[in-house]
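Down below are the structures I want you to see.
You will see subunit A twice below: alongside subunit B first, and alongside subunit C after that.
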Partner chain A sequence: MNLRRPIIVAGLLLWSLLPLIWQLQTSFRTPDALVGGSLTSGWTLENYRTVLQGSPSFWRYMVNSALVGTATTGLTLSLAVPAAYGLRQQAATLKRGLLLLLVAAAVFPYVLLFLALLELARQLGWGNQLLALAIPYSGLSLPLAVLLLQAGIADLPNEIEDAARLEGLNLWQRLHRIVLPLLAPTLSSTAILVFLFSWNEYPIALTWISRSELLTLPTAMARIAGSSIYAVPYGAFAAATVLGSLPLLLLVLLFQRAIVSGLTQGAVKG
Partner chain B sequence: MSSGGLQLENISRRLGARSLLHEISLEVPAGECLALLGPSGCGKTTTLRVVAGLDPVSSGRIWLQGRDITRLDPGRRQVGMVFQSYALYPHLSVEGNLELGLEIRRVTAAERHRRISTILELLQLVELRHRRPAQLSGGQRQRVALARALLRQPDIVLLDEPMSNLDAQLRDNLRPELRRLLCGGRHPVLYVTHDQQEAMGIADRIAVMSNGFIQQLGTARDLYDQPVNRFVAEFLGRPAINLLLPQQGHQLGLRPEHIRSVNTGGLEAKLTGREWLGNQQLLNLETKRGQLKMLTSADWTPPTELRVSWDQGRELWFEEQSGERLK
Partner chain C sequence: MNFISHFQGQPFATNKVESYSRGKSLSLLLLAPALALLAIVFVWPLLRYGWLSFHADSVITGLVAIPNGGANWIRLLSDGRFWQDALQTLRFAGVSVGLELVLGLALALALHQRGPGRGVLRVLCLLPWALPTTVMALGWRWIFNDPHGPINALLLQLGLPSQGFLSTPSTTWLVSVLADVWKTTPFVALLLLAGLQSIPTDLEEAMRLEGASPWQRLRRLTLPLLIPYLGLCCLFRVAQAMGVFDLIQVLTDGGPAGSTESLALYAYLNAMRFLDFGYSASVMLGMFLLLLVLSALVLVVQRRFQQQQELT
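Moving on to the complex of A and B:
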């Protein structure tokens, strides 16, 4: 009885962490060691050296991705917060319709859009403009962001805002001094999700950006394979993946507590 | 219009086809505390929100200290309000909760500090000033909400069921305290409650509301002894008034404490149950004119068959259909 729970937990942990551990160890092995070497030999940092000393350096891609991610998150939140806040003031029937529309938009497979987006980018001259990526990324993230934020806002008691109105706080002051501080957990979990989308996005980045110094991480990683189809550089791939996931890991650890309370918002009565 | 206090002039509020408030008119002079009493959905909270400016009116006028505030923004009405949930800002300390409104109004730091210290002192909140609302008990939260409402030296104080989240004993202790803090000042007070004991304990006058109408407005004594209709008679008084079976379109109402047992004459009654209330007991009686509840002293052992009577002056007669009282 007492042993069952730890065993289940350990099993689940193994199930979810094993691929990551495999990836991590792959990044430290020589190509020969990967196919039937022993655990005691064949360890190396060569893969990381290859990735970091490429031209341009892997750091460059990280910075590119971070820039696009930050711009996307900022743009998305600055549009989604007012939208979510405005949604609360709408009549129930209109609100239900708008929410349905948002859900539909959030689950729409965006890959269907990327040709049209590419055409748009060409017309507007947004090809090879790093920060221009933030515009389609924000557009695609907005539905989900608005949905999450409006759920958080709906959880705030109306009377708190009424009290603030009576105290003479105008719309902006209420948003800034009352709503946003109370919304911090929802804001940070939404921000992470948006950032994550931008960090991982592939088709749009692939089609919009061709200059190698402007690539984002996913497209840059794909290029590592470009050397030869006969020798797949598994080690270098793994090293790039590990490096690429470190910043995200750091972000999530940093905001861990806020994210958890944001995701469970409304699940239990405060 | 006279200058002081609050006047409501034929206030109506409609939402679509529904009428939430119907031609409400009342006047509360400065220093008076008026309770709005009624069952839930009667319009008492709507009246409060209309005065605060949180809900708009469909027609009518609101005057506060001689100003027409009917269309004025809530933030400019000089209204202090205590909400049912207290509505404290959860992310701010007690001091922060008090300071925010003053800061928005550009009160200088020195003046803010002076006013906050005074009010913390008055409401015995000095030791709690750095705590967050989540770290306070219900009674303490209520005091903070009250402090926030009084801090701005409002032209009127509005309270929406401020005791409903507190336990019964605390409520009993707080009633005189609230009265001391609120009433008799330079502002009028509107107090919403569904608890008649609270209304009687705190307010100078009571307005009984139902379905968006004011049924009757007067002192607690007036309402209890001279109700204008059956609704008011039934709503006030615990145990509730006895309503006898109607005769020729008229219905007699009798308060349980006005019924006594007699040796001869009166009405034949059969005892069907007793409730012991500690200092008194409540008898359930069956008579040919309907069921009666009768309040008697606790140490009397009633027989199973008895005769009951009452003073004619205590009779309250109502029209059966409309419920209006017959004078």
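Moving on to the complex of A and C:
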């Protein structure tokens, strides 16, 4: 028992990190070193320079993704919080039905929706509008967000709200002064999960955005891949991978507790 | 202090207390914006596909929708590429999810034992899951590159010939499974760990005292109590794996010779490359129906297990 755990932990470490470490070392190698040099030579920062000085610079994609992520998170929460709160007041059967639909929507592989959403974007002139992406992204993250938030709200004792009602606080005041502060932990874990979804989303960004200075991170990466099947600039690409992963690494390090509690709460209540 | 002034000082004069029914209609209003957006994003596309799948809408018709009866659906039934992709997607989903559940359960059981560094382990579990799929898909392409990737470099060093992992159909789909398992197993483990933590420890202690072996405890206590979690994980993962798109598009673009093409990629190609929107809609609905059947299957199996458990 005592010996098994360290072995499994070491295995997990290797399994999770080896591909990432390989990317990291690739990002510092010259093209010559990548096709069979020794470990003592061929180290360079050139790949990072290429990626950051390209046109558009890699920073641009990160900024784009961050902008869309922030807008998506804001929009999703501002719709999901009232919805989760409203859900609590519904009759049991209606509530149960809505929750089931939300679970179905959360499980649904959303890639199936891309064509109709693309048509919508064309009709409304939302193609190549970076922030317009926040609208489908919010719609797609709403099921999970509402499920998590309503689970958080359900955990709040009824008495607090009844007391507030008797004190004459109206709906908005109750939401704003009582429910939101108590909900802060759930709120933050939901926000992070929504942000992660938006940061990583691919098929919709792929079909909505074609101008290269508006690409988000995943689409920019894939565009490098599509440039040529035989001569992908792996060094430069690895540098992009490392840069693109850093914000996520930071996010996961800072908020791992919130992410885990969000995910597990979703599993428990779902 | 007299009664009247006492009550006047209180903020809860009856006219200020919201009536319950008014609160109820207000709460419906709170739900409305979210429901509206959900309808646009989830319901509208499916309705639109239903309509589109009974129309010819492609470059041939000048991108104008013309009703064509059930022609798209008849074509779908006899479209070898659709059924081949369906089998390939099922194979990918079946093997990936199977491995993820088994490995994820093992990992969760290992992590469940108390020990140092739980926070660090969680971060490591989350990292592969949090990275964009497209990013690591390219990473895997480099790792399995022929002949310069590390795997082939190792093979060459051992005096073995390098392998075209991504140019041979029999190995390419396995690489895609590996990439999916790498990304998702730790995530599955995390969800199952939440399930494990919900099992009261005194039950396990009681079984231990009765002399049950670890294997018996797992079979008779842990697994039965985990069934709801396993079922949910399975449902979620099967649905996501059946819709695999990002990974396949970037890793192999469906190749070699279409041997890794998934249904979602086929639907995408129909719309974006062949510009045949009517047929693309049929492919997507066909995929949706397949998914409904599979989900129902997962739920039935889960219920079966659960009932069996309640009987014994």
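To be clear about the criterion, the second predicted complex is superposed on the first by the 239 of 270 C-alpha atoms of A that agree within 3 Å, B and C clash if a C-alpha of one lies under 4 Å from a C-alpha of the other, contacts with A are read in each partner's own complex, and residues count from 1 in each chain.
To be clear about the criterion, contacts are C-beta pairs under 8 Å (C-beta built on N, C-alpha and C of every residue); 3 or more make two chains touch, one makes a residue touch a chain.
Remember, predicted model here, so these are calculated numbers, not experimental data.
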Which of subunit B and subunit C A:N170 touches, first, second, both or neither: both
First (subunit B), second (subunit C), both or neither touched by A:I259: second
Partner chain(s) touched by A:L14 [first = subunit B, second = subunit C, both, neither]: neither
Of subunit B and subunit C, the chain that contacts the larger number of subunit A residues: C
Which superposed partner A:E159 touches (first subunit B, second subunit C, both, neither): first
Touched partner set for A:L246, first subunit B, second subunit C, both or neither: neither
Contacts on subunit A seen with subunit B and repeated with subunit C across the two complexes: 165-168, 170
Partner subunit A, residues of subunit B touching it in the complex: 49, 52-54, 74-77, 79-81, 83-85, 87-91, 100-101, 104-105, 148, 152
Subunit A-facing residues of subunit C, complex: 11-13, 16-18, 23-24, 26-31, 33-35, 37-38, 40-42, 44-46, 48-49, 106-107, 110, 113, 115, 117, 119, 121-128, 130-143, 145, 148, 150, 153, 182, 186-187, 190-191, 193-195, 198, 229, 232-233, 235-236, 239-240, 242-243, 245-246, 249-250, 253, 264, 267-268, 271-272, 277, 280-281, 284, 287-288, 291, 295
Touching residues (chain side subunit A, partner subunit C) in the complex: 1, 4-5, 8-9, 12-13, 15-17, 19-20, 22-23, 26, 34-36, 79-80, 82-83, 85-90, 98, 105, 107-120, 135-136, 138-140, 142-143, 146, 165-168, 170-171, 196, 199-200, 202-203, 207, 217-219, 221-222, 224-226, 229, 232, 234, 237-238, 241, 244-245, 248-249, 251-253, 256-257, 259-260, 263-264, 267-268, 270
Interface residues, subunit A side, partner subunit B - complex: 157, 159-160, 162-170, 173, 177-178, 181-182
